[in-house]
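Heads up, there are several structures right after this.
Each of the two complexes below includes chain A, the first together with chain B, the second together with chain C.
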Partner chain A sequence: MSDKKHTHTHQLQQASRETRHEWYGKTITLASVVGIIILVVAIIYFIGQRGLAAFTTDHVKVTDFLFSADWNPLDGKQYVGAAAMIVTSFLVMILATLLAVPFALALGIFMTEFTKKRLTKYLQIMIELLAGIPSVVYGFLGVTIIVPAIRTIFGGAGFGILAGILVLFVMVLPTITSLTIDALKGVPAQYRQASLALGATWWQTTSKVILRAATPGILTAIIFGMARAFGEALAVQMVIGNAVLMPHNLISPAATLTSQLTSQLGNTVNGTLANNALWSLALFLLLMSLAFNLVVRIIGKRKG
Partner chain B sequence: MEQYLTQIAPEQRSLETKNLNVYYGGTIHKLHDVSLQIPQNAITALIGASGSSKSTFLRSLNRMNDKVAKVTGQIIYAGIDINHKDINVYQLRKQIGMVFQRPNPFAKSIYDNITYALKANGVKDSAVLDQAVEDSLRAAALWDEVKDSLHKSALALSGGQQQRLCIARALAMKPDILLLDEPASALDPVSTAKLEETLKQLRDQYTMVMVTHNMQQASRISDYTAFFHMGNIVEYDRTEKIFTTPRVTLTEQYINGSFG
Partner chain C sequence: MRGKLKFIIGILLAITVLTGCSRKTDKVTIVGSSAMQLLAEQAGNDYRLQHKGVNITVQGGGSGTGLSQVQERAVAIGTSDIFAEQKKGINAAQLQDHKIAVIGITPIANKEVGVKNITRTNLQKIFTGKITNWKQVGGHDLPITVINRSKGSGTRTSFESVILPGLVPIKAQEQDSNGAVKKIVASTPGAISYIAFPYAEGNAVQKLAIDGIAPTNTNVKQNKWKLWSYEHMYTQKHPQARTQAFINYMQGTHVQRDLIPKLGYISVHDMEYERDAQGNDKLVRKGGKQDVG
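After this line comes the complex of A and B, so read on.
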């Protein structure tokens, strides 16, 4: 009896397999987290350092970079004006998103409010498929179908902002749609009942109650779509024409921040002004994605 | 099955069902030939165990079961059968309002919650809207508590206040009939008492039909009580008779708590 009691105390005072597992688990988790934090900080530091080199080492003026449209870094520091690309990037992003939002809303409403289960499932699969197609394939489709179509209809080369917008439209649509669906699904079913019981029609209920209640989520969906449009490089580069010009119309060739990066990164030598200028573009993109993140956070906070 | 249904004089009937049947998914027969005469300006309580189809019955009365279930039989309101495909359900629901089990105000301000249905109905005059907000909040005994925060979110109210707001919202449409589906089941006793007080005050102007699981509540505030059992009405009579001298054994057993 006393012997058994003794063994018990003994076991209680000893580390067991569970103790070790607990320790391993916590250590591995913590190490992974620390590793990722270091990685993110390193990336930001690296882009920041290289991105600022054009301004610190090569003495490019920040105002020139932001507001001048003269882009020819090989010719010297007064030709590092990214304004044309910044404007084009924003233009492409905004127009592609504007085009996609009505379709995304319609699809979202259709899929959450209307359809039979099976049709919803097929639509869901289609949207996921659209989201999963690699961007180079979209670019390829754009070059093959959209660019010649624009050439035929509007004349010119066909490469340009319009082609970029149309390609991006297809690419941001699934992002915005699936997040919109999540937002609409999050609206309590009792809102619908309450509205119908007051004699409101289906459409009044949807437009005034359901969409209104889902607005923060839908805004988040739109921001994510905009971020995708802003950040997409390859597909845009394939159809936009890659001429760094301030856009005057939608069908002349242009270049976005990202398309310029992908098309030029092989053509510059490390450490030169031309290379540093590209890093400055990268830094601008990083800051923009930070801004998108911030907006999403703010919207999320207002919701809660 | 033993059954006793009292008759309401024709001129006092607000709503009447004749052989109402409800089917879910084509095969599940939820409600069996329910014929009930509901008196005006009174509270009629629907009691019965869970699954006895009293809520199903209630939701059929303002056609909330459209597209959810198949409802056959007649529902006579204002001399016409409203369970007919030609009936304008939007107009109907303005005259037969509903309050649900869980308070369900919209994610809008108190003011906008009440004006929502009026605006959807084309009322634009802000003086009319202001007056409707005050009138319906007063009728729901909520005005004094919220008159200074009309433009704050309705979701910030307590559960009991939210439920009275939902009543105010329904009253804003000036309905004849108010259907209440276990309106106090999500409320604490104090809020429940306030809600019951509100309902008693509304009795003079509105016909109310209320599903409740709380038999004390039914006996406290209702004038008539219908006891549902497995999709049938077993007994329907004045509330004091149901609770003191029920005529059907099943009713007596349910009231006494020996089953259900």
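After this line comes the complex of A and C, so read on.
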């Protein structure tokens, strides 16, 4: 868009202020995009390269890594089995999400369908607050409240999978809830009106029409919640007990992929097998988050 | 536009200046052993008061972290309860060992277990998972909960090399520091773990004597209590002047004679025995009263 107000010839021959601004703007945004792309590619390349070193340089068998539960990489390549951590990570992720979904759905439905705007606003603030609390605070609460409670009720030390699940439950709840609310709000008002006009009750409308229409959005919310649970390190490490053991009951101590990474990374020396094995865990986490993203994509496409 | 550009340049300049500044202060970063943290922090505080402008930062993380960080030149001093030779992946020839103090390690149990003395064999059986109830070692009918330090811990390495040489310990839950272990053993019925002497003071947990020998500093000095380790400060072969100055301070009279005994550690000068990286003990000087053979 050129400025037609300029009258002097020499000004007309040059690019106008607005043209220059546009050029600046385009350059800055393009540069940022290129920067981000380079960054992402570099991260994937770096983690990929370091994560594969255990298999290429140290000749750890991929099948051992995935299916053996013998984890003690300081002692040699036959002890690089991540199965116990992989199972624990999935277990806490699935159970925490399963626990959180009913609450998130109920909250979402209540806030979008059954209550006044004012209360919704307050609830929204509360949920955002929950989402914004740093994970170390959740971990701290877990150690001070949940762990002793488990110790009193079930015996043992209290540190273990159940404590991890309960802490993660509180942490994924706001994620799933707020995305569920967005999904429910995204259902066109006509659906609601049409259903009510046909004589359906509010509950019938909600359960048969709104929830049905919002399903892809809700599934996306659940996947994001799962991704958060899978990736959380600090809070889990504080309460799970950090013993690389195949979980045999809910109060036994265990370790997730992330908790093992945070507790051991400083202890290993760059370039050794023990260090490479940790990078392999990081690579596994990266691949999992790519998988989560892919699933969200697929669900998003079906929506259309 | 020009205003904004100036603003951005200003911010960049500010960042450069600020980071430049932090490099200028005399900062000595110490990372590693949590058993040594108490001593390093206290000595660091005293040192800071006497030497204006020198900043001593002390962090935990475990002996393994201390060794790997100093080897990678990420920190000036890596503290460790174990010899660099005992740690895989560490090139001990590249590092300079400064032995600062000696620390005793004692098994501890929850107060309710009803055991105050234990044989070395039974201790082995507990930590290898063969004994699982306190009544098997003369205590109350209470299941044993083993609490370990995490893999990089020097306390754990020392404990396992003295008590469980060549044995495979059971996998148990792990805690990051001496402090955390103490708290958990104090509050968990049937819990057993091991901890550095200075942390075991007070009434929170039950110290366990081994084969009738009590975990005291006197017994450590005479090597009757074998469960001890050096507190090392590792630096590069040729540390910076300010790092060397702090090491000298740690080995000097004030720290060795006053601070170390006050905090429950043992000065290297008070030891009657020396231990090398392979775990061999050698008598070097006899104490005044005791006849050590």
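As a working rule, the second predicted complex is superposed on the first by the 291 of 304 C-alpha atoms of A that agree within 3 Å, B and C clash if a C-alpha of one lies under 4 Å from a C-alpha of the other, contacts with A are read in each partner's own complex, and residues count from 1 in each chain.
Everything below uses one rule, namely that contacts are C-beta pairs under 8 Å (C-beta built on N, C-alpha and C of every residue); 3 or more make two chains touch, one makes a residue touch a chain.
Keep in mind the model is a prediction, meaning the values are calculated, not measured.
Between chain B and chain C, more residues of chain A are touched by C.
Judged by the touch definition given at the top, the superposed model places A:Ser16 against neither chain B nor chain C. Of the two partner chains, chain B is the only one that A:Pro188 touches; chain C does not reach it. In the superposed model, A:Tyr24 lies in contact with chain C only, and not with chain B.
Touch criterion met: A:Thr201 reaches chain B, while chain C stays clear of it. Residues of chain A that touch chain C in their complex: 21, 24, 74, 148, 151, 155-160, 241-245, 253, 263-264, 266-272, 274-275. Residues of chain B touching chain A in their complex: 62, 64, 89-94, 97-98, 100, 102, 104-108, 116-117, 120-121, 166, 169-170, 173. Residues 188, 190-191, 193-201, 204, 208-209, 212-213 of chain A touch chain B in their complex.
In the complex of the two chains, the chain C residues touching chain A come out as 1, 61-62, 64-65, 67-69, 71-72, 88-90, 143, 145, 147-148, 150-152, 171-176, 184, 187-189, 191.
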